[in-house]
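In order of appearance the chains are A, B, C and D, and numbering begins at 1 in each one.
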Amino acid sequence: MAETSSSLPLPSRRRYSSGEIKNLTSVSSSLIPTFGKVVDDIGYLHLNKYVIAPYDRRYRWWQTFLVVLVLYSAWASIFELAFKKASRGVLLVIDLLVDVFFAIDIILTFFVAYLDKSTYLLVDDHTKIALRYITRFWFFMDVTSTLPFQLIYKIFTGKWHTGEIFGFLNLLRLWRLWRVSELFKRLEKDTRFSYFWTRLLKLICVTVFVVHSAGCFYFFLAAHHKIPAHTWIGAKKDIKDLKDNADFKQKSIWLGYTYSIYWSIVTLTTVGYGDFYAVNEGEKIFNMIYMLFNIGLTAYIIGNMTTLIVHAAVRTFAMRDAINEILRYASKNRLPEGLREQMLAHIQLKFKTAELQQEEVLQDLPKAIRSSIAQHLFRNTVEKCYLFNEVSEDFVSQLVSEMKAEYFPPKVDIILQNEIPTDFYILVSGAVDVLTYKNGTEQVQK
Amino acid sequence: MAETSSSLPLPSRRRYSSGEIKNLTSVSSSLIPTFGKVVDDIGYLHLNKYVIAPYDRRYRWWQTFLVVLVLYSAWASIFELAFKKASRGVLLVIDLLVDVFFAIDIILTFFVAYLDKSTYLLVDDHTKIALRYITRFWFFMDVTSTLPFQLIYKIFTGKWHTGEIFGFLNLLRLWRLWRVSELFKRLEKDTRFSYFWTRLLKLICVTVFVVHSAGCFYFFLAAHHKIPAHTWIGAKKDIKDLKDNADFKQKSIWLGYTYSIYWSIVTLTTVGYGDFYAVNEGEKIFNMIYMLFNIGLTAYIIGNMTTLIVHAAVRTFAMRDAINEILRYASKNRLPEGLREQMLAHIQLKFKTAELQQEEVLQDLPKAIRSSIAQHLFRNTVEKCYLFNEVSEDFVSQLVSEMKAEYFPPKVDIILQNEIPTDFYILVSGAVDVLTYKNGTEQVQK
Amino acid sequence: MAETSSSLPLPSRRRYSSGEIKNLTSVSSSLIPTFGKVVDDIGYLHLNKYVIAPYDRRYRWWQTFLVVLVLYSAWASIFELAFKKASRGVLLVIDLLVDVFFAIDIILTFFVAYLDKSTYLLVDDHTKIALRYITRFWFFMDVTSTLPFQLIYKIFTGKWHTGEIFGFLNLLRLWRLWRVSELFKRLEKDTRFSYFWTRLLKLICVTVFVVHSAGCFYFFLAAHHKIPAHTWIGAKKDIKDLKDNADFKQKSIWLGYTYSIYWSIVTLTTVGYGDFYAVNEGEKIFNMIYMLFNIGLTAYIIGNMTTLIVHAAVRTFAMRDAINEILRYASKNRLPEGLREQMLAHIQLKFKTAELQQEEVLQDLPKAIRSSIAQHLFRNTVEKCYLFNEVSEDFVSQLVSEMKAEYFPPKVDIILQNEIPTDFYILVSGAVDVLTYKNGTEQVQK
Amino acid sequence: MAETSSSLPLPSRRRYSSGEIKNLTSVSSSLIPTFGKVVDDIGYLHLNKYVIAPYDRRYRWWQTFLVVLVLYSAWASIFELAFKKASRGVLLVIDLLVDVFFAIDIILTFFVAYLDKSTYLLVDDHTKIALRYITRFWFFMDVTSTLPFQLIYKIFTGKWHTGEIFGFLNLLRLWRLWRVSELFKRLEKDTRFSYFWTRLLKLICVTVFVVHSAGCFYFFLAAHHKIPAHTWIGAKKDIKDLKDNADFKQKSIWLGYTYSIYWSIVTLTTVGYGDFYAVNEGEKIFNMIYMLFNIGLTAYIIGNMTTLIVHAAVRTFAMRDAINEILRYASKNRLPEGLREQMLAHIQLKFKTAELQQEEVLQDLPKAIRSSIAQHLFRNTVEKCYLFNEVSEDFVSQLVSEMKAEYFPPKVDIILQNEIPTDFYILVSGAVDVLTYKNGTEQVQK
């Protein structure tokens, strides 16, 4: 007599398939096969020598490490534009070091397989990988954003350039921010991380970056105006730490940076104390653009917050509404209190165990998976049941796939006397009292 | 002949079960049993002597009373940090008194049973309770936040300490705020309180606490700056009540507190008049952090408000949409006005009685409860009905469980002539006219 | 042979029932009968002599007229508190006139029937109406808010009082604002008015009222401060129209009112220019309360706006999503363009005619109404149909109640060749081509 | 033996019908036929000579071109009101040129057919078109907003008028903005454009227009005040580029425009630095109106943003919730990891392919279209299938219309052993292993 294939094979299969399936899961997240296309699940397991799979664990860590460097270079490239003095010191060394890491990544990219969009196969051919990378705009930007122009100029001419051009060339490094954007896209889809905190972190990152950029650029405008007293920072008369307004450029970088960021945040949050404000026309125009942009940013932040809060509140509202409906129904129809409490206990349990949502999700699974689940959950119970001894395997399989688990709170009626029986209950745990109402008295049969 | 068990037993059962079921309800709200686990509903009713159940009514009142004290100590600990003068007077005595109450609560906790997370049983063993409490970080924080460090120092050294250290140690009392958070979590799940007002109260509490904290800390920064004139409050030239800017520290606590809170609210609401603004760098940095935090707080407040308003409007929108659809359908198909009014009357009644939502909720209840409800509602009606005299009990039970109550507005057609009858109506109250259309005239049979 | 009762009786019944049903509709909107309660629809049609029904058309107009007066008295009572000079002139006369109207309404209330909450009957007994009105707090407030205290004082003492007491007593007239609140509640439920504009109007009214109240009270604070120069309006140095700061109280009411409202709006919108700001502590405290309140108001306005916009966008989103799904499905499965256009045309038509929502609403109507609709729509069509000549009335009735109207865009396949026919179509208007594909060529049978 | 009509006729029909159907689609978007009305799809294809169809491609391009001109004239008419100097130079010439284009459009309108609202037919009769256009208010506004009043006055009187009257007459050109509104309405319904970006563009347009209008009008108020020093721009003492405050009118237009827009944005965004603020009462009143309006605008922007973000997040939330439910269900019932991964893989695939939404949309299509789709997708597969050789065409047609495509990820159970087979699978691509569990060992039959 054959045993069913459900309970035993699954754990054993898991042993050899979990790895592939894990890969499959991550691949399938970027694959929408048309009818008639199937993924060949062997191709990407035996890659060419010296070729790394894009979902290799160590490669992922390397990518995450690069994101940290990206955050630094985004911060630094704007900061150095505004505070030219700073760009000559220790920051220059760190910048070069960071550039080396990104140069390594460019080289590494030639050894990473890619997923062909039309065949859904991993391509591990060196020529193909190289061709694909070089022929794209991506490669050009990667290289341009990594070249240390200032150093190259120094090497060729022997002296540091004093113009603004290299400050602006450094802004090319902002191109690397796509890596941060990619990371957040991935995190938002990953259920291991809370969506709320991921989204919040993203909003904070965007806000901080905007504040930093606006502040630095505003200082840049002031530092390059021909009359220092006609700038937002120079026109301020009662700066306690400065003897003269116009000498703000000779003061510490720290002071300038604090003032810039302070102005930036005061404007972003629309507090607008008015202790610093745009004086010349260039500043006014930049200020206008920044303020208009901030309307959008504020609306975006509030919109996101609302979305997250609405989503978080949906379940609470559903439970409260259900309970309120029951209370109203019970009081309208003057139901006895015991019945009302049974209803409440049941509804609360249902929401606590999130049964309703789970049933809905399970409905969408294919039949075979649902059967597997049922076999796993109920087969043991049914086989141990006295009633089903000696019953054929086939019948048990059929029966099991139709079963459902139900939990009853204590003191709840399960079947009423005289009712037509339509369900068959197997008692897994706990006890049931049989109360018959005979000759006017209630008899308990335990 | 046996009577059904539904109508009689329920009220009688209620008599002895309402207490337990109430407890069950509150317990079940923190219990999600896995399949196969059942709550033992006897265990927690006979607790050890000198052990209090966590849901004991008097213990709950004690906890609620402590929440009030928590609100005071949260307010006071920050206030005393900023206004050191105040912390020597009557506030010190009140603080000590409050600490005594919390010390009592720490001792009390050794006598309160707890719910074991894995077995869902109340543990009333003294050793277990004590071990669980002492071995946790919770206990350490409870004790640390209750110790009156300043007094201990006084006792040991014989003099008051003048440094800031005790002011910061007092901030440990903010740990107690988890009790407020717990209270709000409980209130939000309790349907006896309006969700809208609970949430609003929470938002107001958070806002007021933030305003108070920021204001006090801002004053603290000003009071500890070496040059009083270089502070946000000292730099203000035209304060009417002060002869000299720098003597703000000698002025009344009331004045300083008002000014601090005023600045705090002006910044939080982003009004930013500019009469007070950050002067030195320390103030600027604190101000920046506060403003950035306020973006989040504002978004949170607006998001919550939107959620509450959206939820409140859902039912109004549903009704208006349904009525509009009917009006559009009627005018598109040129339905006679009488028919249109019947449709409208019916829809309005349905929304008023909230029938639609109730039916949905009732659908999710288990069959036995739904049968009990039907028995309670319709059995009397059916038994009094002439047609069902002498009919067997079983048949009536079956019939009743299939019945539904329906309310018809006056002047509405119930069954049309020549229609196949599919429903059977029992008239509970009111009257029906039978109109037959014979030989071209309408005949009324009342 | 009997004719069906559906098509003919309805228009004739409409003639005598539209009046009552209209009343019923408006009454039913405030009536949620429990199972077993029925409204007696005769009682409230024959009222006692000299008693007015609350839904009498003229009484409704009178109420609407009073709302306009309420708006005036709400504006005036706060305005007069701040600008005492104004309360002696023409405003006093208007106030008295308005009070007369409200006195009339108090007297009128004794002649208006009311709906008993437990029996749902209109009570038209004079004693009962009077008792119910007098014994309630409502009556006390109505009278108190109508009495012209200032005039009474004048009459008794012979001179005008100069204190603030009557200004505050006048604020009792704000009690009348419940009438505005009632009006908006009614408008929001009335589908003849756009919900969007009703809600918007309400928000504008609330905002304007808040702005007016805060501005007037702020001026009141300044006008009653002992040192005029230490007030928000007196401290302002560069007011162009004033020679001296302190004489603002001697200037025109118009100037003071403009400045107050200007400050109020600058604060409410959180613009906070800083040209006017709180100077003394009383002003600071009021300002704080106003700003904290404004957080709530702003959140309320934004929340309402979001709710309205979300609701308005739901249908557009549904259509766009459906169309996008079809386009994606078609391109994924490479469906021929003709088929894709058929699908698109159909979906667009469905959304334009709002068929989907209508079907849902109709589903909730009771069977009798749905049958009536079907009889009205399809009976003529079926009876004119050659196929159903000489068929029994009963059969036609049954058939008709199962029919559905469907509209096909041109060039759309209705039945495919070789398909099992499951539906029976009656062509009401337009033409169908029969295309058979025989021997490799398409043959058109028109 | 007859072939089915589904696969062949469709592509051939497409050849001649795609044009009409396209027209139909665009027409049907403005047509809601009542039951019994059918569009005559011949009428509008053969239009009168010299008459243009409203959906003619070239006419559409012309309309789009006019929208660009509208944007210019909306900008210019307000700008010229504030800066009268500017309205004498090159702008006057451009204005006249733009007017010529709109004059051409007025003439053109006499040659464009219109859709009759009651018959849904295109009317191409010249007299009818002309009568309909001339008798409407629309025509009057079109003409009035196009007449160059200033030039006409010059021609008749021989000199330029110096009053404000023509500046206000120019504001009539704002009437043309309805074209922009129309364009956005069309774009929002067009699925080829992203709703998000369309809506964002609309919000930006509205904001920029409001900012421009308010700024210009504010300058207009200052420029026309009798005492230049008592204006918002004249009262500002430390404008660096001006020697004297009062001479701002003699300065460049560019400076005035920058300052006005700067003030406008500072107020709109509620930043309110306070460097410019309303000085005289006229300015104060305008400022108040602008600020109150801005509350609404801000709420509108945030509401729209929230709507868009909520809609965008719905799918992500649905997927995350479904995955979370499965993870919770799996861990609660201790399902083996293999089964859990199968469930996850399936759900992710389902959301990626958006199968759920598509099925829902397809359900709403009429039967004939769904059959056509099934024929197109599955007929070839079935006919190639060995099992259905020699089976009658009718049977295949029936079978095909019941088929569904399903995609299984690798390593997933399709049918469990011993299960009752209810579905019949045809393998289109890929391979299935048959694993039988016999005598305790698993046997693979490939």
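Details
The rule is simple: contacts are C-beta pairs under 8 Å (C-beta built on N, C-alpha and C of every residue); 3 or more make two chains touch, one makes a residue touch a chain.
Remember, it's a predicted structure, so these values are computed and weren't measured experimentally.
Touch-path distance (fewest steps) from chain B to chain D is 1.
Here chain A and chain D face each other with different sets of residues for the most part; under half of the interface numbers are shared between them. Bringing chain B onto chain C by least-squares fit of CA atoms involves turning it by 90°, to the nearest 5. Per-chain CA centroids place chain A at a distance of 29 Å from chain B.
Measuring from the averaged C-alpha position of chain A to that of chain C gives a distance of 41 Å. In chain A, the positions touching at least two other chains are 32, 35, 270-274, 298, 302, 304, 306-307, 310, 332-333, 353, 377. Listed in rising order, the residues of chain C touching chain A in the complex are 32, 34-35, 270-274, 302, 306, 332-334.
Those residues of chain A whose C-beta lies close enough to touch chain D in the complex are 2-6, 8-11, 13-14, 17-18, 20-22, 24-25, 28-29, 31-33, 35-39, 41, 188-189, 191, 195, 227, 229-230, 235, 267, 270-274, 277-281, 284-285, 287-288, 291-292, 294-296, 298-300, 302-304, 306-307, 310-311, 353-354, 357-358, 361-362, 364-369, 371-373, 375-377, 393-394, 397-398, 401.
Across the complex, chain A is touched by residues 207-208, 211, 238, 240-241, 255, 258-259, 261-262, 265-266, 268-275, 298, 301-302, 304-310, 313, 316-317, 319-329, 332-333, 335-339, 341-350, 352-353, 356, 377, 405-420, 422-423, 428-430, 435-440, 442 of chain D.
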